[in-house]
Amino acid sequence: MPAVLVQYEAEIWKAIIETFAMVGASIAAAVLIGLPVGTLLFLCRKGKILENQMVFSVLNLVVNIIRSFPFLLLVVFLIPFTRLIIGTAIGTAAATVPLSIIAIAHYSRLVEQSLLDVPKGVMEAAISMGASVKEVIFKFLYVEARSGLVLGLTTSIISFISYSTIMGVVGGGGIGDFAIRYGYQQFKTDLMIYMIIIMVILVQIIQFTGTTVSRLIDKR
Amino acid sequence: GNGTETKENEDTKATPEKEEVTLKVASLIPPMTEILELVKPKLAEEGINLEMVVLGDNVQPNTALAAKEVDANFFQHVPYMEEFNRNNEAELVPIVPIYFANYGVYAKEFESMDELPEGAVIAIANDISNIDRSLALLAQHGVITLQEKTGPYYTKADITENPKNYKFEEVDLLMLARMYDDADAVVMTPAYASPLGLTPKSDALLTEGIENDFAITLIARKDNADWEPIQKLGEVMTSPEVRKFLEENYDETAIPAF
Amino acid sequence: MIKLHKVSKSFSQFQAIKSISLTINKGEIYGIIGTSGAGKSTLLRLMNLLEVPNEGDVEVNGQQLTKLTSKSLRQARQSIGMIFQHFNLVANKTVYDNVAVSLELAKIPKQERKNRVIECLQFVGLEKLLDKYPAELSGGQKQRVAIARALANRPEVLLCDEPTSSLDPNTTAEILGVLENVNKSLGVTIVIVSHEMEVIKSICNRVTVMADGEIHDTVCIEPAGIANISNSPNWFVEQLVKGGE
Amino acid sequence: MIKLHKVSKSFSQFQAIKSISLTINKGEIYGIIGTSGAGKSTLLRLMNLLEVPNEGDVEVNGQQLTKLTSKSLRQARQSIGMIFQHFNLVANKTVYDNVAVSLELAKIPKQERKNRVIECLQFVGLEKLLDKYPAELSGGQKQRVAIARALANRPEVLLCDEPTSSLDPNTTAEILGVLENVNKSLGVTIVIVSHEMEVIKSICNRVTVMADGEIHDTVCIEPAGIANISNSPNWFVEQLVKGGE
Amino acid sequence: MPAVLVQYEAEIWKAIIETFAMVGASIAAAVLIGLPVGTLLFLCRKGKILENQMVFSVLNLVVNIIRSFPFLLLVVFLIPFTRLIIGTAIGTAAATVPLSIIAIAHYSRLVEQSLLDVPKGVMEAAISMGASVKEVIFKFLYVEARSGLVLGLTTSIISFISYSTIMGVVGGGGIGDFAIRYGYQQFKTDLMIYMIIIMVILVQIIQFTGTTVSRLIDKR
């Protein structure tokens, strides 16, 4: 192993763990909240089973507002909220809050889009069988859109990793911040390149897994 | 670490030797972080556990300090702190100045300010207090002339004479060093110049020296300025060891201000 | 069982169904026939409110569907099976799961479900293809899955849109046998849209002829019964040669 | 015109086509019939290499398709029209554009294209639905668009997979008339997969009966001719009543 | 109009124009390069008409590498390249280079995903008619996937706006940077809020346009 990696080994591990923590939290938020929000965005559209102009407009606006914020300012704006739920506004745990909010907004758009590609006939079959809204979602929509949902999540996760690199601002740490601090600000170019290689490997693994899973579950 | 912990720290300040207290200090880059690392063992002897919080931009350390998330910070000069206080109704106070970051003008292609051609591009930092400082440095050496300050800071609008028609290109503080190749000249702190192998002493065309208000200072809040661990920190940071460290490693780059 | 009262349906300008009224009695096998584009599918889709009428009322099993809350409408639909002209199978579910889902919706316990699914797939001759996905099936096999799905939770009404359009004569006869059987033994009311005269004639009691979105005529007929067709490929040869004579 | 030589096709484990050889002559109308799942569609799709055989050779119009470069294969395919069992229309193109696209691919000039599209749509009786999208069509109308599309660039070979499965007897008769016409007047070789005995018997010269991925038998027949069916809804009523007697 | 807006009017207009320039360039790059790259990613997959493991892996890796870079470091890495084609590495024009590169990588993934949702039957129809690769793409794939492509582009454009806010580091300017510099670093909170409102309006208009267009051209 190159000497510089040995020298910084402990810190690198720490950075990797921080990245996993931040990205893990974003994934959880994307799946637990972004997926329902995206589904609502789809179902409340004109002509869909929960058609509701009000709910659609509000959700749409909220998602747009989150996506409109320069990310740095979103982090700053959310500080009081972050402090409320995490107890502090600096550090890795605190960094997960703005990241998760962005994750929700980001993934919900991709979910909405995937669901729009489900053939109308499948929805009709579900409705004609008397499926409840919940059943339409879980037994039909998600089943038929699953490969798109997985690919969308893959794309999103990679974006979350990219967003996490900015979290150094509030002391979030992570590999990206490590690379920026040592490599960019202190000109330890070799260290920076190793960090980027780690990032590339991580992203490559995620993309490969996502592509493979989505292909395996696509029976259309 | 969180706010409640800080409060406990305050409660225990009567008996600091008996119980270990944690002192959280926000900082940005070397040599600031190195100075903090250097004094860490000394504080530990006193039962003070110094925890350094490295943040990534130059507003958050103040925000965190004002919100009592950290007990002190070490990255700025007093005018910058005052500006923050003014705008955020914060009560940050200077504890002790540590070093002068000897602001300087650097150019890759040119040996002296006179060689810099008509219309040359000079890169300066893009935040208001550093714009002020960069312009002041140039004015100090008669490169440009500035009118009387209208607000707390000089801005580009205050330039009254610019005989050689220099163009000022504002970029992020962290980007300044990268501009060394790109712009004709760069105005920056030694912290950003040193990774390029540049020192104020041997490479700068102009430097601001120590005749100014811009010493990098340890800052705390009004409510904990007298707290013993903070005072201790101030003491150890102005110790001979730190002076020796700066003189050995940052000759002319970080000039001790104590 | 099914009553349409002055029902109309327009798609933007085009009026596909023009104020149609009809009554289908419990236990009937009712045929709807007519040229392509006459409005047969639209009429059928109005019967479970898949198309919402612009005017008029739809009554099924004593309930005015047009006036139900969405929850009651869901319940009402659970007892109305439907076979779609284009099958509308869930491409990411296996044959088994496509059939099982209608039982899940009806909250049938898992154990019972399994037997019922197998039974229905046996009806349509697909018990061996349980684990295949729709993309791996031939046209006729897909159609049979759609039939099994519609039969699975023993609906009281069965709406069939061209249920045998992709099936060869043998399989058609078998399927018609199944339909006749559920009609006779369970009293299921069946509505069949078909363009195949043979099919309509073999099992329907009453038939409506549609033209241009209107009822042209409704006739009562005596079902001719389902021809007994052998299941061997030789049957095709015989038929072909017989015709060639 | 079309020669299959010991062609086999497997889907993972399952062997759908088992070493089939057959020859279809130029100008023939050739039928393929058999039970659902026998392998009819797969056999047809092998003829333009939509399915690549695991073994054997496919020859169309003197060219070994299996050995062509992808460019020549594309050219060869332009003279092989295909009507799919599930239509495969482009949902985002209008009826007009769905038909026009095959002419665009053949680089027919725009002016000529227009006349040809209208002509083909007239053949199938859809000249009034030019601007509709597939989602706005009935099942039979979709199928007719698919037929018009396949006819448009005057192919030398026409592969038809259940071309009349969604059509009523009148429309079926009309479409068969069109097929017979292009066969007679332009010498187009036609292969028809159908489960409807009537259809096969009315226009085919030779018929292959398939079973379990193999050729059970091939018989020569004298086409019975297309029944002359009136286009009025009364015809349906007459047929129904006649049957009821 | 609030006094603070009047005071900074000229600069605000300049920032708006800078944002339009940066985002406009990214959109152009996304459409002109991202679309073809995404299409290739799709067509070179296993079982598709240009099946080519090599090309797929290389493109996939390049896109992943771009997406792996902490954005700030990508900007730095690209400086020599930027200087080569723009002549300088600072200013709005220079900022468009890293933004465009990111735009290409971002949109190509969404293109790939949209194309995967095109029904197999349509591809078969195209192939059976003897369509060339170019014809398959333009006369079938893009036609059938067009609503997804538009929605994907909408999502991407909004991401580009978000990325453009970081371009202050190389003097790229723009509304986001304006908000950060004046609002965040100089504590002119009212000005910052106005800038964010401008961003929200901009994003809302883009999303509304995208959603509407995609709905109008979706005839499925």
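Read from first to last, the chains carry the letters A, B, C, D and E; within each, the first residue is number 1.
In this section, contacts are C-beta pairs under 8 Å (C-beta built on N, C-alpha and C of every residue); 3 or more make two chains touch, one makes a residue touch a chain.
Since the structure is predicted, the reported quantities are computational estimates derived from the model, not experimental observations.
Asks: Quick one: which chains contact chain A and chain C both?
Replies: Both chain A and chain C are touched by no common chain, going by the contact rule given at the top.
Asks: In contact with chain B and with chain E at once: which chains are those? Just list them.
Replies: A
Asks: Where centres are the averaged C-alpha coordinates, which chain has the largest centre distance to chain A?
Replies: D
Asks: If you average the Cα atoms per chain, which one ends up farthest from chain E?
Replies: C
Asks: On a C-alpha centroid basis, what's the spacing between chain C and chain E, in Å?
Replies: Computed from C-alpha means, the inter-chain centre distance equals 48 Å.
Asks: Would you kindly tell me how far, in whole Å, the mean C-alpha position of chain E lies from that of chain A?
Replies: That pair's centroid distance is 18 Å.
Asks: I'd like the Å distance between the centres of chain B and chain D, where a centre is the mean of that chain's Cα atoms.
Replies: Comparing mean C-alpha positions, chain D is 80 Å from chain B.
Asks: When you check chain A against every other chain, which residues touch at least two of them?
Replies: Touching at least two other chains: 72, 76, 119-120, 147, 166, 177, 180, 184, 218, 220.
Asks: Hunt down the residues of chain B that sit against at least two other chains at once, touch-wise.
Replies: In chain B, the residues touching two or more other chains are 59, 174.
Asks: Got the chain D residues that touch at least 2 other chains?
Replies: 86, 135
Asks: Which of the chains are touching one another, listed as pairs?
Replies: A-B, A-C, A-E, B-E, C-D, D-E
Asks: Which bits of chain D are touching chain C when the two form their complex?
Replies: 11, 33-37, 40-42, 85-86, 136-141, 143-144, 161-162, 165-172, 195-197, 200-201, 207, 209-211, 216-217, 219-222, 224, 231, 233-234, 236-237, 239-241, 243-244
Asks: Would you pull the chain B residues touching chain E in the complex into a rising list?
Replies: 58-59, 83-84, 87-88, 123, 126-128, 169-172, 174-175, 178-179, 181-183
Asks: Quick one: in the complex, what on chain B touches chain A?
Replies: 1-4, 26, 29-30, 53-57, 59-60, 63-64, 67, 69-70, 174, 177, 195-196
Asks: Quick check: in the complex, which residue numbers of chain A touch chain B?
Replies: Those residues of chain A that touch chain B are 72, 76, 79, 83, 87-91, 166-171, 177, 180-181, 184-187.
Asks: Under the touch definition given earlier, write down the residues of chain E that touch chain A in their complex.
Replies: The contact residues of chain E facing chain A are 46, 60-61, 64-65, 67-73, 76, 109-110, 113-114, 116-117, 119-120, 147-148, 151-152, 155, 158-159, 161-162, 165-166, 176-177, 179-180, 183-184, 192, 196, 199-200, 202-204, 207, 211, 215, 218, 220.
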